[in-house]
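All chains are identified by letter, namely A, B, C and D, in their written order; residue positions are counted from 1 within each chain.
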Amino acid sequence: MTIGIYGRQFNNSVIPYVQQVLDCLVEYDDLEVLVYESFFEFIKDKLYFPKQFGTFNSHVELKNNVDVMISLGGDGTMLDTVTLVRDSGVPMIGINFGRLGFLASVNKEGIKSALNTLVNRQYSLDVRRLLKVETESNLFGELNFALNDFTIHKRDNSAMMLTHCYLDGEFLNSYWADGLIVATPTGSTAYSLSCGGPIMFPRSGNFVITPISPHNLNVRPVILSDAHVLTFEVESRSSKYITTCDSRTEVIDSNISLTVKRADFDINLIRLNNESYLSTLRNKLLWGIDTRNY
Amino acid sequence: MTIGIYGRQFNNSVIPYVQQVLDCLVEYDDLEVLVYESFFEFIKDKLYFPKQFGTFNSHVELKNNVDVMISLGGDGTMLDTVTLVRDSGVPMIGINFGRLGFLASVNKEGIKSALNTLVNRQYSLDVRRLLKVETESNLFGELNFALNDFTIHKRDNSAMMLTHCYLDGEFLNSYWADGLIVATPTGSTAYSLSCGGPIMFPRSGNFVITPISPHNLNVRPVILSDAHVLTFEVESRSSKYITTCDSRTEVIDSNISLTVKRADFDINLIRLNNESYLSTLRNKLLWGIDTRNY
Amino acid sequence: MTIGIYGRQFNNSVIPYVQQVLDCLVEYDDLEVLVYESFFEFIKDKLYFPKQFGTFNSHVELKNNVDVMISLGGDGTMLDTVTLVRDSGVPMIGINFGRLGFLASVNKEGIKSALNTLVNRQYSLDVRRLLKVETESNLFGELNFALNDFTIHKRDNSAMMLTHCYLDGEFLNSYWADGLIVATPTGSTAYSLSCGGPIMFPRSGNFVITPISPHNLNVRPVILSDAHVLTFEVESRSSKYITTCDSRTEVIDSNISLTVKRADFDINLIRLNNESYLSTLRNKLLWGIDTRNY
Amino acid sequence: MTIGIYGRQFNNSVIPYVQQVLDCLVEYDDLEVLVYESFFEFIKDKLYFPKQFGTFNSHVELKNNVDVMISLGGDGTMLDTVTLVRDSGVPMIGINFGRLGFLASVNKEGIKSALNTLVNRQYSLDVRRLLKVETESNLFGELNFALNDFTIHKRDNSAMMLTHCYLDGEFLNSYWADGLIVATPTGSTAYSLSCGGPIMFPRSGNFVITPISPHNLNVRPVILSDAHVLTFEVESRSSKYITTCDSRTEVIDSNISLTVKRADFDINLIRLNNESYLSTLRNKLLWGIDTRNY
C-alpha cells in the first residue's frame, strides 16, 4: 500500500502530531509513503524521518502511485487535497489537529488507532458527488470542480447584483442579492448553511441554490436533482464580480455565462468503522445540548 | 376515454364554471363521464346535464373504470382526489375556480381549451412521489399515504413536545418543538415552506424534515433521499398529540412509534403542454415583482 | 423583612433543595416567611419546618404583607408568581432546581449565598414591562396581562387563520398564518424566538409581532414601541380560535376584537449583584461554544 | 421660503420630470431656489431655467440659507442628501423618478401636487434617529453618521471574520460571520432585512445588530435601545476589513476599535399629509398580494 500525504504549512504546536503520523506509518512493513513535495519542503527540517519517504508533485503522480491519501489539517486542507485527487478514485481521509471537521474526521488523539484501521483497510467509502463549472473562457482551468460549493458574489463596495438563473435552459428566477451559492450535499453544511440553506444528506443526489443576503423577501433555497444543468448570467452595476470553486477565486466580467452541473467524477471519503455522519452532524451543530428554557 | 370527476361542495358563484365543464365534456363523442357519487348528489339539482352521466363510488370503481380524473377545486380538493386515485396510476388534473394552485393548474378561463387538450391526450405526466406512514395500530387505515406531508403536532394548550427521530434505525436528533413535518417535494411548497423549509423540485427524490417552531436554535431543515426510512417517537408532557397525513388528522398516544417512508405508488399529474412547474412556482411565490429599494 | 414563597408541585428529587431554602431563611432573625397556601398544603408533610411559617392566599394578601417574593421553580413558575405579584411592586426572584432560566436565575448550588445576598438587600431591580389584553368580554379576567407574550393561534385540526392587525387604529397587515405572537422584550427569548423573532433587550421599550408559520413568505417580525396600541381581528374558517396570556389559555369566537397595549404596571425582577443579563443570554443560547467548521 | 435641491447625475429619460420640478417651483412668488452646485453643473445645459436659480456648495451654506431640501432620486440619493443636511434640522423630502422608496416617497406622477402641499407647509415631520461611528483615527471624518446603517464586512476573498461586540463596555458576543450590521429603525428595511433582521418601526428608539451570513447557527438579530453604546473589535485572518456608514466605505486594519452610538442629531423627513409609513411598508414588501395556496 502506498500512502500519499498532503498538508498545508502549520505552526509549531502541531509538530508533535505530524511527527506521530510519521512514526506510526513507518511501523508498517509493506507501506510506502509519498509526501506532497511542497509540504515535504516545509516539514523536512522540522521533523525526524525514521526512514526515507518519497515525494509526489502532481495529480498525475498521485493517480499513478498513491493508494490512499491522508490530508493533514481541517476541512480546508481536505478541499486542497481534492484538487490533487480529482478523478483518480483514490480514497482520502483527513487528520484534524484542531476541532473536528465535517470532512476531516480523525482527531489528534486518535491518530494511532485510525492509521491502524486504515492500513488494515477496515473502512468503507463514503462517496461524495462534486459539481463543476463550465465557461467559454475555461474559468478555473483544470480545477473547475467543487466538493463543497460554487459561488457568485458582488465585489467589495459594489451594489448588489442581479443574477438570472436557468434550469436546463428554462428560466428559473432572477435574484437580487449579494450573491448566490450552488452547494453539493457536502457543501450544504458549510457556507450555504450560514446563508439559511438546509442540511442535505450526502447521498441525497441534489444541489441547493442558496441566495446570499437576498433583496427579495420571498425567495427561498431551492433543492434540485444534480441531474439538472444550471446556467447563470449576471447583471452587475459594476462590471466585475467574484466567483469561487471551493476555496479558489476568480474575478470575472458580468458578460460571462456560467454553467454548473454534476462533475464527471466522485470523491471517495474514507469512513472508519466507528464513524457516523449523523454523530458528526450532531456534534458539529451542537444538537442535544441546547438549553433554552425547558 | 372515461373521465372521472371529483369535487367538494362549492358555493353558487362557481356553478357556471362547473356547468361549463359538463357542457364541454358532452361535446366529445367517445367520452364517458363518471361523477363521484356524493359530488353528483350535491350538483344534480344545481346543474343542467346535457346527457346522462354515470357515477362511481370508490377507489376500486375508479381503478376499474376511469382513464383520467378531473378534480374540480383547489389544491385541497386535489389531495382528496388522491385518496380515490391511490395506486391506480390514473392520471389526474385539477381545474381551479379560484386562484391557481401548485397542483390544480387549470384556471376557470381556460376550461374549454384545457379539456380539449386533455381529451386529445396532448399532455405529459408529471410523476409525483408520495410518502406513507406505518404504525402498529394501522393509523390512517388504507389512507396512510400523503402527496404533500406527514406532520406530528402538539395539541391545543399543550407544552411543546420532544420527538426522537431515527434514520434507518440510527439516531438522528431529538427535536423540542411544536411539531415536525416530513414533506415530499410536492409538499415542500405547502406547510413546510411556512415553517422555513426549502423548495424541493418535484423530481429531486427527497424528503425534507422541517421542525415547527423549534425550541433549539441550531436545528435546520434536513433533506434526505426518500430511499431512507424515518422513525419517530414522541415524548410529550401531555399524553396525546396530533398526526396528519395530508388533510387527514388523528389524535394518538405518545407511546406510539411511527415509521415514514416512500409510498409504494406514485401519482401521475397531468401537465398540459403549455404548462411549466417553474412558471407556476414563480407565479405562486411572487418572484419577479418584489419592489424593495432598488 | 417579610418573604413570600410561591411554588408549584414538585417531585421528590427537589425536596432537599426546598428544605435548604427553608433552613436558610430561619437563620435570619428579623425575617418573616409567608408561604402561598396551596403550596404550603403541598409541602407541609414533605418538609421539616424549623419554625412556624404563615401563609398567604391572594394577590391582596401578598400586596399588603410581603416585601420580597421567592419563586421556587423555573421560568413557568415565575410567570405564575407574576399573577400573584401583579401591580404590587414587590420584587421577585426565582430559585431554579433544574437548568437556569431566563427569569429564574438562582441555581440550586447557590441557594445559601443567594438568600444571604437577598436578605442583605445587595441587589438591584431589573424592571420588566408587561403587556395587557383588552376585550369587551373581559377575556382573562383580572389576569389579562403578560410578562412574556400574548398569542392568537388556530385550534387543532383547523385551517390557518387570517388575522387583521391595526396599529393605533391604522391598518398594518393581514396575516395568513397558524397564529401570531405579541411578545415583550422578556418574552422575546421564549416562544417568539422559536418562531423566528429577534432577541429584544429588556429595556428596549418595544413589542415584537411575530407570525407563527406564516403562509406569506414576505412577512417578517415587526418591532414597535410599546407606546402603540395594537388591535387584532380574526377571520377563521372555523369559528373558534385560541388566545393565550403567558400560560393562560382561552378559546374564543372569531368575531371578537382584541386590543394589546402596555400594561399599567411593571414587574421588578431581583438581580443579585453577581448576575448579568448578557451572561444569562450567552449561556442559554449556547453562544461561544458553536464549533462548526472553523 | 428657500428650497434647496440636491440630485445625482441621471439619464435622459428623467429630464422631463426634473424640468417639471423646476417649472412648478418658479410659480410660487416668495420661493427662492438653491441648487447644489455640482448638480447644477450637470443639469444647466439639459434643462430650461424659467428664472435664475442660485447655488449652494456645502453643508454650511445649506444650513445658513435653506429652509427645505428636495432630493431628486431614490433612497440612495436621500442618503447623499443627509450628508449635506446633517444637524441643520432642515426638513427634507425625496422625489423619486423610479419605483417608490422607503425614504423618497413622492412619485413622478405626483410632483405638482406634492410641491404645492410642500410650499403650503401642509406636512408633518417624521423624525428619524441616526447612529454615529467613533474611532481614534476619526474614520469617515465629518461624515461618521448613518441614517440607515453601519456595517463591518470581510473583504473579497477573505475568510470570515471574528468580531467581538461589547454593550456599554460589557461583553455581549463574538460573531463568526461575513460581517455585522448595526441598523437604525430606518435602516431596518434596507440591508439588515436582507440578512434576516426584523422590521423596526421609525419611533421604536432602537438599534438592531444583525449578523451577515453567521457561522454560528444560534445567533439571532438583537434589538437594543439606542441609548446603549456598542463597541466592536475585529479579529480577521486577513489584516484588513471593510466598514461602511450608509453608502460610504473605508478599508481598515483589524486592530481598530469602533464605537457605535446614537448620533447627536436627527433628520426631519417631510411626511405629506396623505402619506403613511404603514402603506409604504405594505407596498414595498408586497404585503397583501401573496397568493400561495389559499
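Methods note: a contact is a pair of C-beta atoms (placed from the backbone, for glycine too) under 8 Å apart; a residue touches a chain by one contact, two chains touch by 3 or more.
Note that the coordinates shown come from a computational prediction; the quantities given were computed from them, not determined experimentally.
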{"item": "Pair of chains joined by more contacts [C-beta pairs], C-D or B-D", "value": "C-D"}
{"item": "Repeated interface matching B-C, over half of the contact pairs identical, chosen among A-B, A-C or A-D", "value": "A-D"}
{"item": "Interchain centroid distance [CA atoms averaged], chain C/chain D, Å", "value": "38"}
{"item": "Geometric centre distance via CA averages, chain D-chain B, whole Å", "value": "46"}
{"item": "Junction residues of chain D - those touching two or more other chains", "value": "193, 215, 217-218, 220, 285-286, 290, 292, 294"}
{"item": "Chain-level touch network, classified as line, ring, star, complete or other", "value": "complete"}
{"item": "Chain B residues touching chain C - in the complex, by the definition given at the top", "value": "153, 155-157, 177-178, 191, 193-196, 212-215, 217-218, 242, 249, 251, 285-286, 290"}
{"item": "Interface residues, chain D side, partner chain C - complex", "value": "160, 167, 170-174, 176, 185, 188, 193, 197-201, 203-206, 208, 215-225, 228, 276, 278, 282, 285-288, 290, 292, 294"}
{"item": "In the complex, chain A residues that touch chain C", "value": "74-75, 99-102, 189-190, 193, 217-218, 220, 283-286, 289-294"}
